[in-house]
Amino acid sequence: MLEVKDLKKHYYSGLFQIKVNKAVDGVSFRIEKGKTLGLVGKSGCGKSTLGRTVLRLLEPTEGSIIFDGKDISGLKGHSLKYLGTRMQIIFQNPESCLNPKMKVYDIIAEPLRLHRLCAKDKELERIKELIEIVSLNEELLFRYPKELSGGQLQRVAIARILSMKPELIVADEPTSMLDPLVQAQILSLLKGLQIKFKISFLFISHDIKVVEWMSDEIAFMEKGKIVNFKTVSR
Amino acid sequence: MSENIKMTEKLSMNEKKLSLWRFGKNRLALFGILFIAILCFLALFAPYISPNDPFVQKLDKRLLGPCHEFPLGTDEFGRCTFSRVIYGTRISLGIGILVVAATSIAGTSLGLLSGYKGGLFDEILMRGVDVMLAFPNIILALMIAGLLGPGFLSVVLSLSLTQWPVYARLVRGQVLSLKKRDFVEAARALRPSNFYIMRKHILPNCMEPVIVLGTLEIAHVIIFASALSFLGLGIQPPTPEWGSMLKSGIPYLRTYPHLCFIPGLMIMLTVFAFNFAADGLRASLGQYTKQEVLDR
Amino acid sequence: MRISSPSTQLLSVEKLNVSFKTPKGLVKANENISFEIKEGEIFGLIGETGCGKTTLGKALLRLLSNNARTEGRIVYRGKNILSLSEKEMRNLRGKEIGIMLQDPSICFNPVLSVGSQIAEIYRYHEGMKKKDAEKKASEMLELVGIDSSRKSEYPHQFSGGMLQRVMMVVALALKPRLLIADEPTKGLDPDIKLQILEIIARLVRKENSSMLLITHDLDVSTKLTDRTAVMYAGEIVEIGKTATVISDPKHPYTFALLHSLPEKGLMNVSGQSPSLIFPPSGCRYHPRCSNQLVDCSKTHPTLLEHVDDHFARCLFSEKNSKNVKREPHLIPDTPSPGCAEVGIRHC
Amino acid sequence: ISGENDETAKGDSFVENSQDLIVGISSDVNNWYLDKFADGDARFVWSQVYETLVRLDSNLNIIPGLAESWETPDNGTTWIFHLRKNVTFHDGTPFNADSVVFSYSDKSYVRQAVLKPIKSIEALDNYTVKFVLQKPMPLPFYLTHVAWPIMGPGCLDKAGNFIKPVGTGPFKFESQKKDQEIVLIRNDAYWGNKSLLNKVSFKIIPDPSTQVMAFENGELDMIIKVPEYDVKRLEAKKSIQVQKKLSTFTDFLQFNCDKTPFNDTKVRQSVAYAIDTKALVNDILNGVGKPAEGRPYSPNMMYSEPDLKTYSQDLDKSKALLKEAGWEDSNRDGILEKDGSPLNCTLLVSKGAWAARHTLMAQVAQEDLRKIGMNVEIQVLDEGAISKLEGMGNFGMILRTGYFVWGPYPKHFFIHHSKSPYSHYHNETYDQLVDAADSTIDPQKQKELYYALQNFVIKEVPAFYLVHEEKVVATGPSVKGFVITAEDPWLDLSGVYLERK
Amino acid sequence: MWKYIANRLVMVLIVIAGVTLVSFFAMYLAPGDPAELIALERYGQDLDKSQIESVREAEGLDAPVYFQYFIWLDHLLHLDLGRSIITSDDVLEEILLKLPATIELTVAGLLISLLIALPIGVLSAFQKNILLDNCCAFFSLIGISIPNFWLGILLIWLFSLTLHIFPSYGYGSLSHLALPALTLGISMSSITARLTRASLMEVMEKEYILAARARGFDEYTVVLRHALKNALLPVVTFAGMQLGYLLGGAVIVETIFSWPGIGKLLVDSIFARDFSMVQGCVLFIAVLFSLSSLAVDILYAVLDPRIRYDMYE
């Protein structure tokens, strides 16, 4: 499904753009369809950067990203657009990952409208369907994100992504800001979705126990490089 | 039980309503809004409200005190001060709104682009902003108005040319911090056009400070414009403008101080109202420190 | 459980109510909180975000913001903290009760060097000379494993973990009888986390002080504390010896909390944290509870002793366990007309 | 106490009083040398330091100055001046014929701008100077002007650079703080009646109303230009003395006759009918001044025709004239149009304090002209800025006062002469009339020509004359012995002394 | 910190370069041909074309605009701001002549504003007396809203015309300074007071103030040692901006009170259409302002350890 070869991402900074921060420095791995690769490492070792580069939200400095048999590392402009529906990301901080000026309904409907995934008159139906999947209450649809709790927000974020039927989801510490009870809810939701929709996950966390529970294989990262792989036996 | 329902209602009060509620609790802000409304009314219906033609001179009725015919007396040409003050709202509000509209649109778009695009464009624009802001306060406007020659257009132009950087800088700062927020990243993951992200996700989130700033700026612009007129570089007599009315009242300061006091008072109250309104807006849009909101 | 003999009791909180006035309504952050801490004891307080743990910790030292309203009694060594004068309070703070606030990165004055902020305490409270105080500060820093040469640096030059340690030094500088540690390990990498906790525990035990450890990390609580209270929606829902609370939780929330960890099977509990402005009727936990009874949504359960020294606030356990002593914890927490006699404090 | 010039009588009583007079003026002296024109209030200061060959008394009669007498052997082409003896400059050097030659050398402004017809100046002996002109001219009148006085060669250093003002006047230059203050002290070696004052300080306060405030607060002893509005109030105060006198200046609206709409005589005439100069004086100027009604110069000057047919406001006539000229209100907006373009024009007004009344007068004129359908835009500018716009021909009207006026001699007509740099009117008949009038010295002939000129201006209206200026000087309670003169940029402080309480 | 200062210095240089650019090209906003303007001044009213052309050539006005700019810049670097078109005085000399008066006025204004603002700001932030606090807030809002030209006239009316305490115009003594400095000071103090108040209130809400209290310090120590320095930091930065406010305000105040400073020179030159003088004044003021904000930034860096150390490393 996804294969990453020798991926590098360097940040340049300073007045003359000469300081280099090798956030991701030559990383290779693969993820099969419907499987989860866990990614653990210390804070600042480059996990988030890797996740975003894989999605092409950041320009890779070097290396290739092969998604569904196609190298997407060099794609530009319009041809990138189709990736939009197929690969998605969930963020760590539920409070900042939703536009505070949009109502929940519009947040979920946004991808549908942007990619014309659904006829205008079927929109409401589809959204109801989606929030049912993530077990949210319908009455929340017309609230603003500020009026929702962390767990609910994360569910909204998931519902929004599900509307595109993605094949790969990068989950960047999706539960680290949540309480244990809510974390449990979200993790089981994600697991359920994976089984139901055959979604591949790149699951990032620094909590090894969570990653162990979620993943089929775990990659350990240190200073921009993957130092070890471990298969989880069940 | 009924109390419980009321409280639940309050809970379900969404952010917008809460803002309104906070605004409503701020009496000074309400006063501000009310006064602005009155000014707008005066400006719109000046011909119907004012008892006399603000231009017509009655040389035999110069420098009168308040009387039946002239509620606030007459000026050195026997023109009705009251009518002139009322017509003055048109000019002041007009300049304020025009300049703020122009600068906020231009400044916001530039700041938005600059903050979002980054790179060389951003660098150049921000240096440009720095340069504009390196001219203190009203000095650049003074120079431009002086070069263009006096008049309504040149006041509007000179203030517009000098006030836009304030917005550009504010908006750019907002955009830079918004850009780091995950929801923008999330929107980017949908791969829409940059324009879409700016319009849909970034712009709405930086509107609140822009609105507050715009309200404050109206106050500033009104002061600046009347200062220009006061110096003789802005609106020229006989057009009734508060700043120039104030100036032409100076020779009569000893004997008819109200010729200076009334237009000055109008400027102050107007600016006052806009400042209050901005304060109220800022508080109700939650841009205060926690404590200040709780204090209210 | 019997009320402990006065000699061993350091602090007791009786029917503490804290509420915040906000534009959205009254936030009832602490309701009817009653517990006690004995001398030399490490007492844990766990609960989810926003349930009122920090509020409780600050209330003990009267450090809440102006919009807070505190009622009840907090008895520290025979004195009711809530009725002390500001001056007496100052003598208590730092010297008798130390506190480590939740986020160390914002708890230091950014324009004063770390060393001077430690030395200041000695100079102020013990009247030390500047030199001595600074020497003492260096010693203390070394004690928590920070090179004393860094004492002239400023807070922003320290990492989060180091600041936690400095916080600790500051809180323990005057050897308080009681240390309130509010989430001393939040946001730290796992290995540093343990390190810090070990240092704290060591220092506390050395001085034979007591500690109130606020956390939402069950692991930490299990490892360190003698007794634990579990808070939910501003109330204590379970309180007892840590070992018994962990091994045999009497409240479904505690149970769910324990089993929500991945290694314990990631038990899925529906619903979300309740609002503190409009808490659910009856048992606060009932909307999320898997074994709720008809009464749960109507009757507000009291905190009752189920086993020795193990109290819980749950109708279900009440019904199911045989040897519940129908004897409420400390003082019955039926709504009382007011707390006038125990000193109401309006800030 | 009487104002007699009995010096011994006053000698003692003056000892207690510091004889330091403080006078308010509105602009600084920017140059002290003859290569530039002294403008604005600078001339009040010049008139204390420098003196002219010929002088005027307070009623504009010619009297001897530094020249004791003069003659013209050939009816105006050659002029011989006999100089006063025993006069010394402030630096101690004697005043003689050479200094006259020096003062009117061809480097001087006056030679370059006004006295172009001078062929030569020569010293016949130490105290006699001969001026030879290209054509007959009444030269003594010209030499009364304060702005081209006699300067000592000591003004210059050896390299020919100006160092300090050296004149023969009753006061010597002491110090100057730019835009703040000029201090003069008494010239003890003065040839005439020595001043009773020790020191005169001129404080520069540009804003006339500020001047009045300062005067009333006692910060000034004397203000030379009292704003018309304040005259009545000051007059009512017992302690303050206000003196008024019709001066030689007349305010006028000068038209740009090179451009529409004012290239049409009918339009100019209609302006003349539209403006009510009587109301101007009586209402706006509080009765200070005299309505000119188109009369080109003040009646106290030479050859003023008593029976001149002047204008008075007549809006119907005015409108009719405009209609004749083709201006009509076709779109009913109150402003007339011709060939699709509206009747707009600019009116330049000087910001300077020289004539603060102008901004007021301009607004009244504007309102009057609006009544006949002319849209006037007022631009208040500095003198320099006005002359620039004027040079570019970029204006409709200018409100100005007193150009080319010195003494009672009506040189003023030259302003509309084609050769004048300020002229925006070109008419051969007029030019010939002016030339003829200026090159005759026969009083009878002069009179005829000047009468003709006055009638011409009334008929053709190259400019519309509004108000004859009345000069108003106010002196504070301690100032005694001051007598106002009719000539404007001239301040006569002889006989003035202070009596402070 | 050195890096920070170097960084700021580079920025200021860039800004000053920009300022010269703006000052130079602003002149093109004026209607009319500059050569013609100069020629008019030089040769009087009746010009012919050849005179204009000769001026154009002599003044280098026939060269391309950017070339002219560089020549002008070269003159600038040699501290040559040119000569006034009207009086042909040396522009820089004229400005330096007026500088002391402006500095006197602005410094007095600044002092007055701080004298009024700091106590009000501190008082209203600490006094829990709602009425007093509201009064302070209200008056500082009035202060912000009052146009300084009106304030100046009110002061003249009150102190000069009615009470006869201070003179209404002029320069020289302390009593002359009183009204202009008051006008400038009062109108600025309100902003400073507001800022001080807001800043103190914000600081007093900070967790480290709570932490200091938790250490058992008395309120005096908490406020003086922990709050005040932090709270005054933004006030210091603001002092830089204040200078701009002062300079801008000085233009108007100097005009009202006939104060012989740069501001009045600027206004007078604008009316006289003395473009080179206007250009010089504006440029001078802007550069002065930039340099003083640089100084304030450096001061800030010295005061605030977050910048003093490593922030820009």
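Per-chain residue numbering starts at 1, and chain names A, B, C, D and E are given in the order in which the chains are listed.
Just so it is clear, contacts are C-beta pairs under 8 Å (C-beta built on N, C-alpha and C of every residue); 3 or more make two chains touch, one makes a residue touch a chain.
Chains and their UniProt names: A = Dipeptide transport ATP-binding protein DppF; B = Dipeptide transport system permease protein DppC; C = Nickel import system ATP-binding protein NikD; E = Dipeptide transport system permease protein DppB.
From a predicted model like this one, the values you see are computed outputs, not experimental measurements.
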item	value
Contact-connected components, chain A excluded, all else fixed in place	one piece
Contact-richer chain pair (by C-beta pairs counted) among B-E and D-E	B-E
Most widely separated chain from chain D, with each centre as the mean of CA atoms	C
Computed distance of Cα centres, chain D from chain A, in Å	87
Intercentroid distance (Cα basis), chain E paired with chain A, Å	52
Whole-Å gap separating chain C and chain D, where each centre is the average of the chain's CA atoms	92
Of all residues in chain E, the ones touching two or more other chains	156, 161, 205, 271
Per-residue overlap in chain A, given as positions that touch at least 2 other chains	none
Overlap residues in chain D, where contacts from two or more other chains coincide	207, 213, 351
Residue numbers on chain B that touch chain A, as the complex places them	14-15, 181-183, 185-192, 196, 200-201, 204-205
In the complex, chain A residues that touch chain C	42-43, 135, 149-152, 179-185, 187-188, 206-207, 209-210, 212-213
Chain E to chain C touching residues, read off their complex	205-208, 210-218, 221, 225-226, 229-230, 233, 303-306, 309-310
Chain E residues touching chain B - in the complex, by the definition given at the top	11, 14-16, 18-19, 21-22, 26-27, 29-31, 138, 141-142, 144-150, 153-154, 156-157, 161, 198, 201-202, 204-205, 243-249, 251-252, 255, 266-267, 270-271, 275, 278, 282, 285-286, 289-290, 293
Contacting residues of chain D [partner chain B, same complex]	207-209, 212-213, 216, 227, 229-230, 233, 279, 283-284, 351, 359-360, 363-364, 366-367, 370, 377-380
